[in-house]
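First comes the structure, then the notes that go with it.
To keep things simple, chains are lettered A, B, C, D and E as they appear, and every chain counts its residues starting from 1.
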């Protein structure tokens, strides 16, 4: 589908101006949005707008990083929105010129409708041209990153104390999933930040001083997001490593209990086994007190073992 | 609440000058502090001071990094104080102009009162204008970071020896909490350091040479804090990794004891079990010396096992 | 083998022009491809083309990184294709001059034939000279990297969920092999990216503005590949570390089960062993209810143990 | 205590010149050393020398990094010596001017006496002024870092082979202590290196070409120290990680032995236990050969188990 | 020992020219090689050549990094060869001037003889002066690094598959030794690379354009070596981490087998033990079918346990 809007030279807002008329002299500037276009509509990039073949190739392929290319008569952007379910990047391609902007995306994007409505409702913005459409679009998309990162940050802060005080496998699995999500988000946000930096600093993309403040504001937001992602990635790494350290400690405790019980009772059971043998001639079995002597010997062995473990400080683990 | 102070053109200190009069020609410069302001008071940023909408947006939102934005007629700062309990950042917004400074913060801040008293008591400072208020404010806030980092550093130094010589789960949990705290502190201190660097080096923020020395002194302190945090983070990582290495060693020792005891006594117990069976025809049970022969065989097996373990050097672990 | 093609001054495409004639004045520019050359053919680099001895040495040795050297009368490149089986780099050496290009490679390369056919079929490209041959060659080779990286990325995404929910050694071995493959790919792709950057930015390699866009497009692809490799390497590290954390947790669970069963039954078995001894004088054996008393004592010990483990929260692991 | 020395305009060395006379016109240049000064002596920095308040604050506080501040009429340095016992940094503050140098340190420093004697004994150096005192002081202090790092490097090289071939807990504890010491040393040496770099490159600190070579020599030494520390830190990390890998392998071996012995004998002991039961009606107990049949069955089970373990390749661990 | 060679102004090669004559006007340029010099010979650096004291100090000390110092009338280099046995660096000191080169090394170096012979045999090189001697020397030494790195790379590639498919302690120990060797090699090769970069880029070391290509060729080789070392270090880290992951998996398998066998047979053995007790009044012992009932109960318990383990998926480990 193709949506359009245009501002006429006599300062009127025209919604859904027919594409055939859009290059007419009557329009001050216009916006054409290729929204999930058909193959036929894709042809228009070359046949109607005559963009450079490399830009069209980048537009149609889905393997671009966020980027900015300068051509003789227009600039070409790729920016990324993030799919809320999969956290994968979705590409938005922008061709911008002094008096038009062409956007192209293969996924439905609610932000596009919002931007159009905003412009329609703010006649003051009609003078600001295509660059204002672009600013609003990037701003809306970057704003949509925040809830994704905040949600992860909030969960991680909630999980942190839980993990310190008990062995919670479900919490650890959540942490590891968030860690993976943060990596996925970073793959979009880092190149977006680099792109905004390039927009602000490039001498070929001549922003007016008043315009620059707006793009610097978006760059600020992307810096904040990058900081949060890096910091939360490091937090998940710390949580995982702490979990490992506590697990290894707990394992020591478990094994100590098993070892204490085993090393005390296995030798005693052996002694009992010896006197349970059925040899016909076993002199020890006869004496009246021999049974009690063996019991006492067993008790002494058990106590000696316990004292030994006590001396080695193993009992600290029973407190676990 | 809104607090004000002003210096008149004839060099008088006016405390709590009414806001309506503050733009009068009688004042050389003034300071307006929005201290936990009401929504009505927040409106004044736009209606009374006419700041740029982007600056007001940044001021009212709480998701800023420490930053510095240049506008046509004023500069806008965000700086961060650190909550002593949670270690989370709390935002302070500063609008600065040649002859006024407006500060805005949603949390109570004892530093503000201290700065005002200091200025009131030092008439010499009255000529130094809004920049001096800003310097004092940042200096006090950065000074308040130090006790937080020193406390962690002191604890870590105390914990280090403890951890090398014994397995101390409580100490390890403390180390891991400090590691998490350091990460939290770094999220504030790193961007503050970058901000101070920008204040010192920006050509648009024209500091007099005498003023620059003061901000460089704060930058020094932030460099020192960054060094301490990085170094202590690395120390906690080393402590955790060493703890893991010693734990793994201790586990080897525990398992060796269990294995030695088990591999000696389990086969012997089996032999005793065999001669404890109640078959009617078991020829070995009859001979006069068979019981003693079995005892000797058992003894030989046990000694052979011990010699084998001795040869493999396993007894080193009993020294643990 | 040596393949040639040439464009004559009167704009004709000559396939397999004899090498002896190739320096004739009749050709506008020409391409000589040394395809798995014989030692005799290798001699021609010095005897026929008179290249600099250092460039010839780099060409014949196989230990080069992708690189670009400027000589007085020509430029010398080394680029790398990747062997699809081994993922090892294979060297392609390029000597380029205003009116000729010489390529040299010791492995068969299907890309070479493709480039020649493309040029033959596009008369428009005949004016663009040797630099166009070079562009097409590098573009084809960099395009051939993508399937290798995409295949790994797709597998890793498929493996990720599998690993979170079960202990799957085969999946982990696959992850570790992909990690190793990514390292191998990076050894080629990183220096290729650096080389393309140098081609674009070097003032000595004077690209026309229209030509630069084409090499920037390849650089974009290499940036994208580098991002993917780094990101996937980090993903494999995360998967391995998560696997370790879950394994360590599972080990805790296994050992807890063993310890619970052992610490309950080993002492009870000892008690049974004691009353299985054959001493002639064991008073406890006589009473009518003593057997039942012992059974009850055993039951109480077992229940007490279970309650203790329950209190310590060990049963959480049976849910594993 | 305050030590002084001065060079008169007629080229005489004056030891312990009284402080009151030191600003007299008769001296070409002089050196005042505040050696563990009393609070009264500390006052002199402000009252007698009139240094800038920020420099005096940095001098009296102990929380500085090595640094260099430029003031209108003097330069201010903080450098660090290292306490040989604790490896903690000790601060030395230096105020340097064209014709005087003031040093200030709260710990006794043998280097100071050495430098004074050296100057007294080398009349040639009397013309070189305060900068020569500073060079000698820094050179002596940096030279004193080397034995500390060499000692660690030598120990680590000696420990490396020991750790590869046996499980040596004491050696590992030494390695971990050296790792911690290296981190402590780096906290001093890294900022010192940055300081020397700044001394060499700062345009405001105008070193003569002949003087620069001397400071570059110190910088070389600090580069060498940094290299050694980083390299040795990495060596300790490798040693620790290798120790973990070998420990984990050894654990596998221990557990395999335990598992082999247990899985063979526990089932056999159970069988013996069954035929040790005292039921009145157990038909198997009667047959003449049943005892031998059970023994043979047990033997077959044991051999089958051993064959199984052999097939799985577990016996490799007995070679451990 | 001191070796010399000289080229006379009338273009003759003089081998072993006496040192006393070497500054004569008859020589165009000369080379003096201090090969494992005696203390007396060391004196000549100061007394005969009058080099700067700092350069002589660096030359005599053995603690230098590869470096380049500019003095008024000569340049001073330190380069490092690598001892093939220990992989430790050995220092070669070079003083170079427009018409002489002095080399100084405390270890025998076969490269020196080779360079001399090469020059003697190539009269064309006699015009190229001391810089050509230096180039040949560095080139030969850097070439001698390659076999050391290639040997490690080849071994590691051979070991990689071995480690993935079986637990091979000897292979792991080899990997860890190679990892340590690579660290040792990097300590020499990284500073050498930085030195070559400095030689190429320094404006004070005026290389002719034709000379620069030769030093860039050496720099290429050092870049290649650095890439190989970093990449192989990372490969060893991956191999070690994978080994740990597989070991941890194997441990899980071993413990599962032990736990399955123990949890099945330990309770059964207890039951057998109970009925092996010798109490006079044990009613269960009397019934005709009680023995069989107990056997059936035991069988049911064992099967129930196996079903439980099967359901939990533990049997996957028997496939190990």
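Just so it is clear, contacts are C-beta pairs under 8 Å (C-beta built on N, C-alpha and C of every residue); 3 or more make two chains touch, one makes a residue touch a chain.
Note that the structure is predicted; figures quoted are calculated from it, not measured.
Student: Between subunit C and subunit D, two copies of one chain sequence, what rotation angle (nearest 5 degrees) aligns their Cα atoms?
Tutor: Rotation angle between the two copies comes out at 145 degrees.
Student: Suppose each chain is reduced to the average of its Cα coordinates; what separation in Å results between subunit A and subunit E?
Tutor: For subunit A versus subunit E, the centre distance works out to 38 Å.
Student: Indicate the whole-number Å distance between the mean C-alpha point of subunit B and the mean C-alpha point of subunit D.
Tutor: 23
Student: Hey, what residues on subunit D touch two or more of the other chains?
Tutor: 244, 248, 251, 255, 258, 262, 266, 269, 273, 276-278, 282, 320
Student: Quick one: what's the order of chains around the ring if we set off from subunit B and go to subunit D first?
Tutor: B, D, E, C, A
Student: Which stretch or stretches of subunit E touch subunit C in the complex?
Tutor: So the residues of subunit E in touch with subunit C come to 146, 160, 164, 213-214, 216-217, 220-221, 223-224, 227, 231, 234-235, 238, 241-242, 244-246, 248-249, 251-252, 255-256, 258-259, 262-263, 266-267, 269-270, 273-274, 276-282, 312-313, 316, 320.
Student: For a test of understanding, state which residues of subunit E touch subunit D in their complex under the given definition.
Tutor: Interface residues on subunit E, with respect to subunit D: 52, 54, 57-58, 63-65, 67, 69, 71, 166-167, 169, 172-173, 176-177, 179-180, 183, 186-187, 191, 240, 243-244, 247-248, 250-251, 254-255, 257-258, 261-262, 265-266, 268-269, 272-273, 275-278, 282, 284-291, 294-295, 298, 320.
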